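Read through the structures below before going on.
In the two assemblies presented below, chain A is common to both, partnered first by chain B and then by chain C.
And then the complex of A and B:
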């Protein structure tokens, strides 16, 4: 009798102990994963708050002489901060143009059948499969000859090449989820197409529009090759400026790191707003 | 008040023609498939019209043509005598409710109901009054500030109905509006719809797959089969005197039972040694082969009248529905269904004698045209 109790209590302890150990191991795995993931970002932040001397001459896990000079340099020097302004201008321009083009296109794909619609729809996606380098040369020559070279709209239009198809795919997925009967009910109620589209349809797919806008923003924000090729001074993006920081005194590590941190901010902000819909967006609205 | 206006319109139109919606030679072909064969139909103002047919029989296609959502491939649509075939759906005076609960999810119930009125350019007070009245009628008053998706299915459909009614449209199309609701709500709304209809004075068109629903709604019924209207007339008349076997099959749930018969002299031979005297129009017809049809509820297994015929069948399946029993019978290879009152303990696979009163039998030609309706139907 006593034996059984002992065994029972032993099993009990064992079974109690087992899950605790499992939680621990998963915490360790998660912790390590996060550590590796966040390390480069932390190191960037760390560097941005150090002086160049400290960066080059010592190894420290956190800034010994905390300084915000690097950020001050960027935010006061037009050569630096105009890079952000330029990037934001063409990225926002591109997002607006992409959505304005993609909304009617996606509606047509989701609601009507027309000759070759399926082929056209797939062909749109293949545009994303070509590396931007392929298009750099034709764009460069084309924009130079029509006087668009080194303008924001030039980069915005060039980025439409891959953002419009993406936005069409995402929006079409969301639109397909809206029953066609809603359109018809609206027409019967007396809505014109335009009024229906803006007042009833767009609120219904607002999360899709948000996700599409996010993807357009993100891809346009991180794209370097086209934006660097098509600009020289007036519309030069921040990423291009960051790759040319070698001065007479060598590389200005601290400022470069600060620029890196600031570059992360807009993307992180946008991600925060659409965080609940991103998974659906990656599935092109087809969840 | 609504009625006055409608009658007023009637008076103006008096002497012209009271009909309101007319389909003339209308057909619809989509991708080489004929959804609606050439159809002529006149629906009169202030009538309830049921489109009865199984799924894919063309009910919805026909409604879309009436509403103006689709353009007919051939033929014309007239509204109060005017050709409206090419008039956009926005400019027609119609309202429609779908089987799915279709509301505008981003608007509150109030705004949903108000939206057609806003588009008509009504004043705020007018809109408010009309919305509250129809919400009252649909028992939606406490939910006016909520979004449609926060409501139950029945309430969502009430919201859609309220939106359709508030517009005071001349033509209200209801496409199986109760099909997605649970049993109790269906019963409730089914009672309410004819009431609402009586108040409105518009043309109501109500599509359904269920014969029972058509009978409860009354009015007129058009039976549809594979893109054709097989019969259109007052609901009880269509039910009692279907023009052909197809209509009888559509307007009967479970479907009507058939068996081949032959007329010899003055008698109709039913097989199994059973026969009945030829009555009515049957007397003047030549001898030969015909089809007899009878509804499942006329099959009897215990009590039977003196003139009843007796058939030997095999019992295949029974279904209990509380107070009634469905019996699926095998009569020499033909499947029959009987609907019998009460609960019966019957042995499956065993022979079963069933009885049929000749006055309950319809006679159709071999091609399916009605030759003579059942005697009970003529008497009713």
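And then the complex of A and C:
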């Protein structure tokens, strides 16, 4: 971005000479884009702080009578807030399982060639390409027949379908960046494979593990079709509970919006923790 | 990196194999099993051969859904890839604002898919949504529940809102990896902004951009929840994409045979196209070394 840096330094010198500042075109572009991203979310937040009468009868850009009743409804009713707990349980279970099986596999793919490795790798990726709609019905039958229906572990396992391939893919990219000499030196120094892997190798790719965990969390947290199909009561995710707002008296918009806002919170927290690795992570460690 | 030949590496892959076999192969075999059988209930199955496949291929319904799906994915790729690259080029390089942009841009990616649908369902409503209200007070006739064109525009804008950041973040990661020396050389040569983009930035971004295109294609081709929440496949069947149609058939009507045959053909289409992308991608990886 030579030109931009050039204009940037030019703007700097100019602004030093004269108090008038020129606004860069890139700032405008980013401003507009971020505005486009934030507006719908703002509207949801706005609605969650209004009463239903206000939502339906008047149109205002911000709440006229600020109310937290919608949030109170959700946070005091177990039928509501257990949805968040259920979602978090299976998401965390899924993240742990995915990483535990993906780590050794990614190591194998990044370090060794073996019979059928390339085919195996593509076959793993094909599972990422499988539409959840295709698997909804067979999953339902499979987990019912083994007695796991409506449990957190069932959803966690089902989400492994697309998270494990992705975790292997990301981790393999990060592991490729670690020189092989490190492995060899450790083995010469008498480290066993397990000890080397946990003590030396995992700290080296900790950012990769963080990023893979982030992705597993993300895709498990946002998925609804499978988690809704596999649960009825005990492990029902928040996303499915949200349909409760459609009662006989129409949709309870305020509570629906408040529930939506609350689903954004865990994601926002996770993003904050991995913000420095996001860019590299999205490139799956391949830059 | 040159890798060593080691057949024992299979042991490291074994856990993944077992897990994926349980969560993918068994269900997939069930689907194949259903697709060649017929049932009248009571768990009595009859061999039906390729009857279901035959029926589906001659059914206009699945073809219409397929065309809609292909059109949707094509439009999505045509908008999101250039827009994502454009946004990435305009992002701040470092400092507080870079982190700020990254965090805000990632936010839509972590919104549960049905909430994405809910957000846009509310946002687009003429009576209570900012977008719908603004448009209709400007005198534009916009109603996504009755006008197919408005419904299409709504779900496309929604997907652009939801996923453009992914392309942008990938492209941004690619841009970050370009050494400063390249830009300095371009400056000495007095290369134009376009030439810098065409001969330095674009080739360096190609690798990650292919990942972006692959991911975006796969996900837009499987999209279910968001359009389902917003339009429910309507008005009429105008936004019934493949997944929506399939779920209607499988869980709505419990037509196991046709649904299973549908699933397999769906999976094969996505697999074929993704394989092409993947092959191009790995070949490019090799060229770069």
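Observations
Simple rule for what comes next: the second predicted complex is superposed on the first by the 256 of 287 C-alpha atoms of A that agree within 3 Å, B and C clash if a C-alpha of one lies under 4 Å from a C-alpha of the other, contacts with A are read in each partner's own complex, and residues count from 1 in each chain.
Heads up, the rule we're going with is that a contact is a pair of C-beta atoms (placed from the backbone, for glycine too) under 8 Å apart; a residue touches a chain by one contact, two chains touch by 3 or more.
Keep in mind that what you see is a predicted model, and the values were worked out from it rather than measured.
For the composite obtained by superposing both complexes on chain A, the positions of chain B and chain C are free of clash and fit together. Look at A:125: by the touch rule set out above, it reaches chain C but stays clear of chain B. When the two complexes are overlaid on their common chain A, residue A:191 makes contact with chain B while staying clear of chain C.
With both structures placed on the common chain, the touch criterion links A:144 to neither chain B nor chain C.
Taking chain B and chain C in turn and counting the residues of chain A each one touches, the greater count comes from C.
Contacts of A:104 after superposition on the shared chain: chain C is touched, whereas chain B is not.
In the superposition on chain A, A:232 contacts neither chain B nor chain C.
Once the two complexes are laid over each other on the shared chain, residue contacts for A:53 go to neither chain B nor chain C. Looking at the shared chain after the overlay, A:257 reaches chain C, while chain B stays out of its contact range. When the shared chain is aligned, no partner comes close enough to touch A:64: not chain B, not chain C. With chain A used as the common frame, chain B approaches chain C to a shortest CA-CA distance of 8 Å. Considering their complex, residues 1-3, 5-6, 25-26, 29-30, 33-34, 36-41, 43-44, 47, 55-56, 59, 61, 97, 100-102, 104-105, 107-115, 117, 120, 122, 124-139, 141-142, 157-158, 160-161, 164-165, 168, 176, 180, 218, 221-225, 229, 238-239, 242, 253, 256-257, 260, 263-264, 266-268, 270-272, 275-276, 278-280, 282-284, 286-287 of chain A touch chain C. Within the complex formed with chain A, the residues of chain B that make contact are 67, 69, 88-90, 94-96, 98, 100, 102, 104-107, 115-116, 119-120, 160, 163, 167.
Taken together, the chain A residues at the contact with chain B in this complex read 179, 181-182, 184-192, 200, 203-204. Those residues of chain C whose C-beta lies close enough to touch chain A in the complex are 1, 3-10, 12-13, 15-17, 19-20, 22-24, 26-28, 30-31, 86-87, 89-93, 99, 101-115, 118-120, 122-123, 127-131, 133, 161, 165-166, 169-170, 172-177, 183-184, 186-187, 191, 193, 196, 201, 207-208, 211, 218, 221-222, 224-225, 242-243, 246-247, 250-251, 256, 259, 263, 266-267, 270-271, 274-275, 278.
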